[in-house]
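Structures incoming, each one as structure tokens.
Look for chain A in each of the two complexes below; its partner is chain B in the first and chain C in the second.
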Partner chain A sequence: MSALGGGGGGEGMDPVGLGIGLVVALLSVVIVYILAPTTAVFALIGVIIGGALIGFGIHFVPVGGAPAAMGQSPGIATGVAMLATGAGLAGLFGGAWAAELGFGVALAGGAIGGGLMMAITCLMVNVVYVYGMGIPAASGKVDKDPITGDTFPAYKSQGTEGHGLPFISYVGGVIGGMFGGLGGTLIYLELLEVYKETLPQILSAGAEDVIPIAVGLAGIFAVGMFLVNAVLSAYNITGTIEGPHDPKFRRFPRAVIACAIASAVCGMVAIMLVAM
Partner chain B sequence: MTVEISASEGGIPHNNFLGIGLVGSVVCLYLAYLNVFTGMDVFSVFGGIAAVFALWWGTDTIKNLCSYGLGTGVPSAGMLAFGSGVIAMLLATRLEIISPLVIPVGAVVIAAILGAIIGIVADKIVNMHIPVMVKALTEMAIVGALTLLGLTAMASGSFVFSELVAGTALINVGGTMIELPSFAASALGGCVLATLFMLGAIALQHPFNACLGPNESQDRTQMLALECGFLSMIPVAVISFVFISSGAALIGFLVSVIGWAYTYMEFIKLSKRDAYMWLDGKPILEKGGE
Partner chain C sequence: MESLLVGIGITAIAGSLAAVAGAAEDTESDIGSQGDPNSQVQLAPQMGYINRIYNKAISGEPPAYALWCAMGAGIAWALMAININAILAIVIGSALAVFVQGIYCTTAYLGRVSSLAKFEQPVYIDIIKSVTTVTMAHAFVAIFTCVAMCHLMIVALGHPFPLPLLGIVWGLALGAAGSATGNPYYGKERQYQKYKFGAGLPISASGDIVRYAEAGQRSSLDNGWFTSKLAGPASGICFGLIVFLELWRTVLFESIAGGWGAVIAGVVLILIFMVIDRYVESWARNTYGPYTSTEEASS
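Take a look at the complex of A and B:
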């Protein structure tokens, strides 16, 4: 009965659950294939890849939760869902803004937006930790930073799981933000294409006129799917994670599969909106 | 380092909340649809009441789910509810091609299917192993969808897709202002839904998050849920001045302000009842002041 760092999340997956999940995901693709135009199938596959990228990326983000706010565990002092939402939505806005400059530019914009948001957050978090709370960065999970080679045990306070934000966590945060932004933007762009193509017929209006509706719908669907994926990944992490060097990072295949299945179903519903 | 989440036990059973919340919310949505039958838009306010019913029920669901310890804090459940709810709700608005009257029930059914699938994914594939996971996430998706449907009906006077995308904008043509149909000035094209999304999500995730602890009591948490619901209705009523007649919007605004003031005072009373001690704070007097 604990809010952080407790319960759930053993290793492995339930084969029956996995089977049901994969059948449901496949069923979603088949339904879209039957009811919607062929391009929508590729859009749905894009949405699934976007969801999987979000689920993968979130495992890089150093999440400290409430203990981090008291300097008792490393990472950024908030929950996975909030942090992932911040990074992902910053990326999504960056990518959406660049949507008219082409697919590749928009994806890059999304990734850079998410990465930039995490870079600024991690930097300011460390400024607060070092100059505000007076604590050095020390990981509790590894003795040596895999990138810089800095040693931690001498700096780690007794009774804590480490504190501050080591360099490896910073790098993890930026990579996580980039994956999150990339995935969110991919979902947005794929849905936008589908809506731009189908809405003129449904609303019997010109292709230019329907753009506000297409953008509004794709945006709100992308936000909704991002939150679903972020929270599923958060449930997979259960509490705190330090970054790519944390043993919990090895749980990511479960989240990638879970997010892909959830995105397939959500994407199917989003495409059915214009296929009916 | 763990943080205990403790919730009170006993009190009104959860199924009562489920029944009253679900039926009350759907009935209020149909009352909001009276706008179409009567040709007026004064019934929009029932959309907000539908959202309050759903939020009141959702708060108890969150309490049920989060007392198992999710590992990620309480607000994540609210975000999941609205993330899946908004997807179900938007598809439901398109059910007008069958009949607009199907929309509220359709939203419940679509959200239930979507929520159940996400619940199975969370329970079996992510290995949460929480007994109430599938049921709770199903309920949460329905709560999200009904709340958004209600707030949308309150803000724009309708929950039908073809009316959500229809708006009019004043455009200056040669010095005279003329009204032209414009998708950008509609509830969906103007992305009012994004605002409603956050207003609803905050109202859903706050009450239990604020009240949890060894001293949690059911009536206080639920009163805070009502208070948050009415508080979210106030900005929605302000938004509704754009889309519906001023008189109808004013009624919505008054109902939400009165509802909020009453529930807020009740919540303060319950907080004083549950507190060990209460000291009424007074401003420090300035030297030479009154």
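Take a look at the complex of A and C:
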């Protein structure tokens, strides 16, 4: 794959590295199957899916990095990993709060929490660009917005690669926040179940007594795993991305596989902490 | 009904605290040059533009604020565990976290600026003395309000996360919202004030930051004065809205349809913000018009 990400997602994946990664992921599942209760294996699979969702979602988030802070490139003026993590953790907050209402509500609550955080942030970015700096939104990667049909070349100021958040980037940001919130909440809920099941035996305490410890542990691991997956995806993106219309978006399969493998290893550690 | 009213009241207070935290966070990052625009302060001496702007950029704003808020929340949590009054515990926790922030500021400034010695950029001791304390004061406001907001979420609204974990979660979101909203205004509008209004900065002009004020050389304190008029309040509105609406939809609608009410309310809010964003985008295109005609741009 070229540095600009021209090729499809499968390109650039080293077969040997991919094979080793998949073996490591499989080994993690087998170790959990042998040493932990059967339900922990399903939890680990949930953690792996959660990690893959985070990796996929981060590719939607429009991040312009340092050049965006000077109106030199489109996107939000901060780092990929940091912005996506901010949205994902806002989603995790909502998902964790709704955990007692059921699995489906908690997952949806997490996804909406992440999406809402991005919807507000992306709107305020455009408000500052438009009303504070007098700069309209213009993409540097496409001539026409795939959703609204707005053309960009005439609205791009001289010597820049575009600026602000075109509507396609806005929608991408919201979708990315939703995937992040969904993935983070899924990891949290799966680990919470494992801890609730195993901690009473380990600590010789009642089921109610271990809940604060279980919530804290699951929350810390969910935050940590979110950061692992966000940083891996940021390396895959290499710098900035405008959203789903950016050619770099097509790199996502590589990040999804990497995040799934990393989540398998991290998930195994999180589960073995209480299973052994 | 009474618990609902209390919930809405707490939501309003938490939203207000978040708004203050967002504004203080952005102003701190602009005075201390913490975010992405600091790339230009670092670049300027390399292009021959010696300056007196504070240069710290310890890390991205989200992880930096995650650390400081988690530290403040952690210390406050420990103090509350030994029955110290909550307000006092949060003040002490925030103050200790701010001392760590001040140490990071000082070492980051000294390290970053001394690395520019070969470009003849001096290390100004008076800048460390005058600006560091101002960034610390703003950071204290941001950390205190954020930790107080987290505490309210636990004791009044019953969120299950322990205080230090909420400190990480909301500290990170605070940094993300503040840097996303406030950075462009400091980066383009203030650092490159001499360039045309209403256009992005040409890439070839990178590093040519404004270095002189009405009298003498520009100080980073002037940057805080400038950005606190728009970028700070905008960041405050951004983070305040995030916290307020996240709590509001949960407190008010969670009891409807087994929790799905809050989800539907969230979807409706996202759609409303999407419509507003599209209006803002169209308004800008129609009001400002294109920079050049389409033929010129494509030729």
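Throughout what follows, the second predicted complex is superposed on the first by the 265 of 276 C-alpha atoms of A that agree within 3 Å, B and C clash if a C-alpha of one lies under 4 Å from a C-alpha of the other, contacts with A are read in each partner's own complex, and residues count from 1 in each chain.
Note that in this section a residue touches a chain if its C-beta (ideal position, glycine included) is under 8 Å from a C-beta of that chain, and two chains touch if they have at least 3 such contacts.
Quick caveat, the model's predicted, so the values are computed rather than measured.
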> Mind checking chain B and chain C on superposed chain A, clash or fit?
Replying inline: clash
> So, does A:W97 touch the first partner chain B, the second partner chain C, both, or neither?
Replying inline: second
> Looking at the overlay, what does A:M133 touch: chain B (first), chain C (second), both, or neither?
Replying inline: second
> Of the partners chain B and chain C, which touch A:L273 in the superposed model: first, second, both, neither?
Replying inline: first
> In the superposed arrangement, does A:R254 touch chain B (first), chain C (second), both or neither?
Replying inline: first
>> Is A:V80 touching anything from chain B or chain C once the two structures are fitted on A? First, second, both or neither.
In response: first
>> Once chain A of both complexes is superposed, is A:I34 in touch with chain B (first), chain C (second), both, or neither?
In response: neither
> Which one hits chain B, of these parts of chain C: 116-124, 170-178, 242-250 or 260-268?
Replying inline: 116-124
> chain A residues touched by both chain B and chain C?
Replying inline: 65-67, 72, 79, 82, 85, 161, 212, 215-216, 219-220, 223
> Can you list the chain A residues touching chain B in their complex?
Replying inline: 1-10, 12-14, 16-18, 20-21, 24, 65-67, 72-73, 79-82, 85, 161, 203, 205, 209-210, 212-213, 215-217, 219-221, 223-228, 230-232, 234-239, 254-255, 257-258, 261-262, 265-266, 269-270, 272-273, 276
> Across the complex, what residues on chain B touch chain A?
Replying inline: 1-6, 66-77, 79-80, 82-88, 90-91, 94, 97, 110, 114, 117-118, 120-130, 165, 183-184, 186, 188-191, 193-194, 197
> Within the complex, which stretch of chain A touches chain C?
Replying inline: 65-72, 76-79, 82-83, 85-87, 89-90, 92-94, 96-99, 101-102, 105, 108-109, 112-113, 115-117, 119-137, 148, 150-151, 153-167, 170-171, 174, 211-212, 215-216, 219-220, 223
>> Per the contact definition, I'd like the list of chain C residues that touch chain A in the complex.
In response: 35-37, 39-40, 60-63, 159-162, 165-166, 168-170, 172-173, 175-177, 179-189, 191-192, 197-206, 230-231, 234-235, 237-238, 241-242, 245-246, 249-250, 254, 258-260, 262-263, 266-267, 269-270, 273-274, 276-278, 280-281, 283-285, 288, 290-294, 296-298
